[in-house]
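So, here's a batch of structures to check.
Look for chain A in each of the two complexes below; its partner is chain B in the first and chain C in the second.
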Partner chain A sequence: MTSALLLQTCVLLLLGGALVSLACARNRALAGWVSVAFVAAACVPLARVVVNVFAGVAEGETVLLALPALPARLTVHVDALSAFFLVLTGVIALLSTLFSVRYMEHFEKDTVAKFYPVLLVFFASMVALLVVTDMLFFLVFWELMTLSSFFLVIFERERKDSQRAGLKYFVITHAATLCMIAGTLVLWRQAGSFSFAALQDSLGVLLAERAVVAHLVLFLFFVGFATKAGVLPMGDWLPDAHPAAPSGVSAALSGVLVKLGIYGLIRVFCSFLPVSAASDTWGVVLALAGTVSLFVGTLTALRQTDSKRLMAFHTIGQIGYICLGLGVGVACLRTSPTIAALALLGALFHAANHACFKACLFLGAGAVLHRTGERDMDRLGGLAASMPVTASSTTVAALSISGVPPFNGFTSKWLIVAACILGGLQHPLFLVLGLVGMFISLVTLASFLKVLGAVFMGARDESRSVKEVPLSMALPQVVLAALCVLLGVFPRLPLGVLRDAVASAVRIEVPGADALLGTGFGLGLTAGGLALAFWAPLVVVLALALGGALAYAIQRAGAAKVREVPVWTCGELDSAAAVRYPASSFYLPFKHAFAGIYPALHARVPQFPAALRRAFNVDTWLYRPVVRAVDGLARGVSRSHVGVPQVYLLWIAVGAVVVVAVMLALTR
Partner chain B sequence: MLTLALVLMVVIPAVGGVLAGAFKGASSRGAAVTAAAATAALAAWATATVYGGAHAAAVGDMPWLGGPAATPVVGVLLDPLGSILLLVVTVIGLLTVVYSTRYLGMDNRDHRVPPTEHPRYYFWLLLFLASMVGVAISPNFLQLFFFWELTTVCSWALISYYRNEKSLAAGFKALVVTQVGGVFFLVALLILFARTGSFEFGALALLPDRLRLVVFVLLLLAAWAKAAQVPFHTWLPEAMEAPTPISAYLHAAAMVKAGVFLMARSVSSGWAMPVEVGMVMGAMAVLTLFIALTYYFVQDDLKRLLAYSTIAHLGYVLLGISLGALGSTVGFRGGVLHIICHGFAKATLFLCVGAIAYVTGSRSISALGGLAKTMPLTAAAFFVGVLAATGVPPFSCFWSKFMILSGAVQLGGAIGPVLLVLVLLESLIAFSWMVYVGQKVFFGERTPVACVNSDPPPAMSGVLVALMIGCLLAPAVGIPLVQWIGR
Partner chain C sequence: MRTIVVVGLAVLNAAIALLLSPLLEGLMRKLKATIHSRIGPPVTQPYLDLLKLLGKEDLRTGRGFLYAAAPALTLGSVLVLATLVPMGAAPPLSFAGDIIVVLYVAAMSAVLVMLTGFGSASPYASVGSSREMMTLLTVEPVMAVALVVGAVKAGTLSTAGILAWQVEHGPSISMVIAGVAFLLALQAQAGKLPFDIPEADQEIMGGSLIEQSGPRLALFRWAMWAKQLVLAFLLVELFVPWPRVGILPFDLMLALVKVSLVLVVVALVDVVNPRLRIDQAMGYYLRVAFSSLAALAFAVIGM
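Right, the complex of A and B next:
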């Protein structure tokens, strides 16, 4: 089967699944499992497409529908970049749906008819938008994704904060889409077509002829995609929307939806934008935007005590890393293809890694929420003993996101920072940004030590019994945590695949995987035959294991005694849970130092001046006076109708005289 | 055969209306539904048969009106433009009639209507359907004028249907304002006939420049009055005193579209509209968008909110048509497409409000809340309607708005970017407010008013489902049709 046919099968399966799950929504468990089955079935053709692409099976564009009136054509084509994002979508979709089946028991009063069908439409729209190569249909699927995710965000619609979050999300991202529509139309005028290839050419022409307009278009696209990606300040919707959604959806939002913003940025700034002075400029803009996001987002995350809100801020931060890598890559395209390729590799790899660990973290937070009903970390503690699987997978994910070797987050951050430093030789700014990135990695670690410490460590709350989550919720977490480890320890295979994705995205020749990453053991960055950096995760793992074993052996040999003492509470009698170290007490000096870094703004209903509305109300100052005047005139005339026949006869006589006079005057 | 079908489309609902008015109870309803269904079926068949071309035929003649050009005065014409209006009128007409069979009755908590009052309603409704079909298939201005005035009369009768003081005043106001528009139309018609001896649409192009300007301005004034555009917009919100299905059908989907249809006809017959008039039309359309927008934020009555939204959307149609007059075919097609797209979207919204009023007895935004729990179907339909009306893809109005915007950009110069910014701004604000209102009414805590109910009965729910599908599929029908319009 061709790719187009496979993809149609995939999308139809998802939409069919939506209908079937809607039909059997009365039976909650059945609806859930049906959805899982359909998503799993849809993943099969998807996997086939991806394998075809990476195996190098060449296929042209397929036209599925033509609208000659515009003209626009629904064309489908999968390149390596799309295929990479399809993989993310498929994996996260399957795992988050599986997680949701039992998780949705949490919402007994809400029907699942407003969940699974929407979720499947959401996934279908993401698959569709990744494979189309026509901007009009891209926008259609893009907004279908937005609106389906809106209904997922406001799933708990009775809650005021969910409503607010949903409205904010929808309005901000719709505004972003309108920006993209404007940008598309300006390009369309030049190109006469909505196909990616035509828009790409017309951007080039525009850049040469009317640079200001071209930069405006690029700005519109930047705003459009960066908003969805959660880049600050446009990404302000994210910390509200992600926690409001059910946890499975939060994972899908953070794991895939925001990545699609990155997909759009790559398409525009790597594929559309010609490699020129303009790409240098926009690379710096992207890198700066990314750094602002990672700095502000992560430092604000440090202040949070709501577990899901904290994760959401970290999404902003990690997207910042991706954006930083992307920016460095775009900026270096012209001068140094190797550094550019490394930076883009890092960005894409971080996107994949972020999908793994952030989805895992959200699912972990969801698991805790499911069992305890709490998102407030101040009221949690000591869950490691009762929820070992969740605790360990969250720990792995937390270490990954903080960039601790040998997990996957380290490898991608290493690539990004390395590219920053190498790029810094040409543009010193990148050096600074790389250093900020390294520092923020530390803040990330601090923030997640707080999460681990507050939620899983410490004294247990004896008053409530907490069990581990069922298998269908534990499995997705374990799979994602395993991916974090595997991608970290064996980065060569995914990076080789990603090199193809980078090559298909950019408009220059990209060095082969061997030239970029070295042929030997581990990853060796070389440029111009010069070995620059080296990272061999297996060696580090072995060393770490050896060190651990050694420490354990020494401890055993020394037979050191471990002494456990209760916390001294000045003689007060409090339960252990009441006196444990709460999340809000972590890093107080930091919080004070960066208190104003994320200002809160409140939107209010616009108040139009009443005078303006009065002016618009034509009734009061125009029509009614006119009607009254006509009415008055009629009354005046009617006063002459006195009801006396003689007077009427007089009128007739006078009238006759007047008529005769006029006739005489005219005929004379 | 086709000619006969087209004539039957006017005759069937008219006869059906008389029968429905003469019968009582179930047979009255049956006659109404049957006539509307037959008309809709004929319309679908005729559109499919004519697709891609046009069908014109003479039916009768009035020799004393023949004039020097000696063209028949009575006839039928079905082209892509007419097909669009015909489909809107007949399909939404059928759905409205079906909806009304349950809406009117003693179960309605907003307005109880005793059965003795029903036949009168169906008579006027079906007469209106017949006259709207007449508007859509008129081959010349005279016949168009005749049916146009007939719709005004039906509108007056239906707005005043409840016969209380407010509705009588509202009906009178609507009658006066649209009638003033009709007078402008009549004067334009007389000038046209006096000068060219013909009522044909194409005759507009034969007029000398100065006179053509005058005629187009007069026609534009007529269209503004009929389509409730600034400065004649004030009758439409008052007309919300009508029963809700009437508001949905007459004052959102069909009758007000007659005004924009007249403009579309005038512009596309010979593309002879003077550029100045096109400019004025476009500028006033944008002004209307924003004036209507300022009223959104102070409405508490859902129906009045929708009425202002209707005013704005008719502005969109006129904007698209004015772009056509200025030279952009895509913009014109977008405007015409908006007739069908907005028809379905706004009918959905109105009938949702009707369903809410039917079960709760309230239309007040501040009194309602948390309805989604008890009325899930209505909630879904309302949100589909909101998304469709405000132009969120993949729903209907996105496509038409997008085509209008494409047309604006195509024009080039300063007009394109300015229109782009203004229209997108209006879209965003309207979208935000509509979603906010939707959340307010359907989500959150249930208010006392909203506590005692469920989705409306099947006849009404079924119509809502059909309209939701229409909101999604209207462009699929409309885009192939409008692509045949053009120079």
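Right, the complex of A and C next:
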């Protein structure tokens, strides 16, 4: 089968799954398992497409639908970059749906008819927008994705904070989409077609002839995609919207949705934008935006005590890393292609890694929420004993996101920081950005030690009995945690695949994987033929294992007896949970130092003149008086209807007498 | 042949870190006692302490794999760090990790100590871990800037590359400033006064390690001593590697003398200073970090 046919099967399976789960929404468990089955089935053709692409099976564009009047054509073409993002979408979609089946028991009052169908449409739209090569249809699917995710964000629609988060998401992302539409229309006027290739050419022409307009178009695209990616300050919707959604969806939002913003940025700034002085400038802009995001987002995350909100702010921070890598890559494209390729490789690898560990962390927070009903970390503690699987996978994911070697987060951060420093030999600005990145990686560590220390370690609350989550919720977490370890220890294979993705995205010749990453069993970044940076996870893991074994042999050399004892709190008799060190107490002096870093805007409603406000308030002068009058009349009438037959007979008699009297008076 | 050399050097580095670190700690204690006008313990006291602790009962307040394995992993990570750092020769595992890896592996032992602190469920340990993290947050950037200065000068991130460049080109303004910054950071990394805030025996009774006893405490202590030795080696080898003759025993002895001098300075600062508050320490290192950016600026313009 051709990729186009396979992709149609995939999307149709997802849409069919939406219909079937809608039909059996009465039975919550059945609807859930049906959705899982359809997503799993849809992943099969998707996997086939991805394998075809990476195996190098060349296929042209396939036209599925043509609108000659515009002219726009629904063309499908999967290159290595799309394939990479399709992998992310498929993996996270399957795992988050599987997690959601039991998690949705959490919402007893809300029907799942407004969950699974929307979720599957959301996945279908993401798959579709990744494979089209026509801007009009790209925008259509983009909008479908935004709308479906909006309905997932406001799933708990009775809650005030969900409504607020949903509204904010709706307004901000639609403003961003508007920017993208405007940018597209400018290019379309020039090109006369919506196809990516035509838009690419017209941007080049525009850049040569009317540079101001070209930069305006690039700015519009930047705002549009960076908003979706959650780059600050446009990403302000993210910390509200991600926690509001059910946890499985939070994982999909942070794992995939924000990455599609990155996909858009790569398409525009690597594929559309010609390698020129303009790409140097925009690279610096992207790198600066990324650094602001990672700095402000992560330091704000450190202050949070709501577990899901903390993760959402970290999404902003980690997207900042990706954007920093992307920016350094774009800026170096012209002067040093090797470093550019390394930076882009780091950005894409971090996108994949972030999908793994952030989805795992959101699912872990969801598992805790499911079992304890609690998101406030000040009121949690000591869950490692009762939820060992969740605790271990969250620990692995937390160490990964903090960049502790040899987990996957370290490898991608290492790539990005190394590219920053090597690129900094030409642009000294990148040196500073790389140092900021290293510092913020420590702040991330601090923040996640707080999560681990406050939620899973520390004193247990004996009054509350908590169980581990069921298998269908534990399995996705374990799979993602295992991916974090595997991608970290064996980075050569994924990086080799990602090199193809980078090569298909940029408009320059990219060196081969061996020329970029060295030929040894570790990674040795080479630029200008010299290996300049080294990271061999296997060697370090082996050395750590040997050193640890030696240390353990020393530890047991005296054959000391092991005994479990209660914590010593200086003889005080308070319960362990009462003297717990709460999440809000962690790093107080440091948090005070960065108190005002994320300013909260309190927009005030404009005050209209009093007369105007009264005139607009139709309730007070029209509706309520009318309602009151009708109400009073009805009450008056009903007062006469007492329900006693004798009284009605009396009324009839009285009425007859009155009528006769009137008739007599008239005829006389 | 090359593999044997690499493995041999790696074992040598790990052995130096493991076996000599208690001796240097003993020297530092003796020096402090002399300044206090005390006789002080013999220089071999740290070895005796470790031996005694290894035989004592192992009392645990936490459970789980990570808590049980933390002491061994902590000492193990310091041994890995030792193999990534030059000691008389090029770092043996230089092909496996550059300066970024060195920085992150150096932070690993701190991460494990902090996790042990949180895991032991004592509020004192949690306060200690929280302070340890804040110290790390302000000290690590100083070390990062200092090492990146070396990378900019040498045009490579490889530790061996920076060492070779230093040996070839001699002292420069930027590397001197960076070396001073690294020395200042070493004081807090070694957990010495005025920056022993995370342990603060008189306030929080040893901080993260309050609930550790017996062999576990021995390993954590050992790891801290070994780490201060390894970081001192990194300082003298990267920032003052001269004179270099290329004969391993000679270079190693010279480096050891320089390391002892550095640790004497650390001990002197320790003995004449009172403990700072954590916010004062953060302010101090913030200023050091920003001053060390000057070294980066000098390096960029080639000085």
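As a working rule, the second predicted complex is superposed on the first by the 584 of 668 C-alpha atoms of A that agree within 3 Å, B and C clash if a C-alpha of one lies under 4 Å from a C-alpha of the other, contacts with A are read in each partner's own complex, and residues count from 1 in each chain.
One rule holds for everything that comes next: a contact is a pair of C-beta atoms (placed from the backbone, for glycine too) under 8 Å apart; a residue touches a chain by one contact, two chains touch by 3 or more.
The structure displayed is predicted, hence computed values, not measured ones.
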Check: So, does A:Leu185 touch the first partner chain B, the second partner chain C, both, or neither?
Finding: first
Margin query: A:Asp619 in the overlay: touching chain B, chain C, both, or neither? Say first, second, both or neither.
Written below: first
Checklist line | Partner chain(s) touched by A:Phe170 [first = chain B, second = chain C, both, neither] | finding: first
Next item on the list: Would you sort A:Gly522 into first (chain B), second (chain C), both or neither based on which partner it touches?
Entry: second
Note to self: Looking only at chain A, is it chain B or chain C that touches more of its residues?
What the structure shows: C
Note to self: Which partner chains sit in contact with A:Gly643 here, chain B, chain C, both or neither? Use first/second/both/neither.
What the structure shows: neither
Check: Given the touch rule stated above, what does A:Gly571 touch, chain B (first), chain C (second), both, or neither?
Finding: neither
Margin query: Under the stated touch criterion, which partner chain does A:Trp535 make contact with: chain B (first), chain C (second), both, or neither?
Written below: second
Note to self: Could you list, by residue number, the parts of chain A that touch chain C in their complex?
What the structure shows: 382, 384-385, 388, 391-392, 395, 399, 402-405, 410, 414, 417-418, 421-422, 424-425, 428, 431-432, 434-435, 438-439, 442-443, 445-446, 449, 452-453, 457-460, 520, 522, 524-525, 530-536, 539-540, 543-552, 554-558, 560-569, 576, 579-581, 585-587, 589-590, 592-593
Next item on the list: Can you check the complex and tell me which residues of chain B touch chain A?
Entry: 177, 230-234, 291, 294-295, 297-298, 330, 333, 370, 372, 376, 383, 387, 392-394, 398, 402-403, 405-406, 409-410, 412, 416-417, 420-421, 424, 427-429, 431-432, 435-436, 439, 442-445, 479-480, 482-483
Item checked: Complex contacts: residues of chain A adjacent to chain B -> 67-70, 111, 113-114, 136, 139-144, 147, 151, 154, 157-158, 160, 163, 166-167, 170-171, 174-175, 178, 181-182, 185-186, 188-189, 605-608, 612-613, 616-619, 622-623
Next item on the list: Would you tell me which residues of chain C are touching chain A in their complex?
Entry: 10, 14, 54-66, 69, 71-80, 83, 93-98, 100-101, 103-105, 107-108, 111, 114-115, 118-123, 126-127, 129-130, 133-134, 136-137, 140-141, 144-145, 148, 151-152, 155-158, 161, 210-211, 214-216, 218-219, 222, 278-279, 282, 293, 296, 300
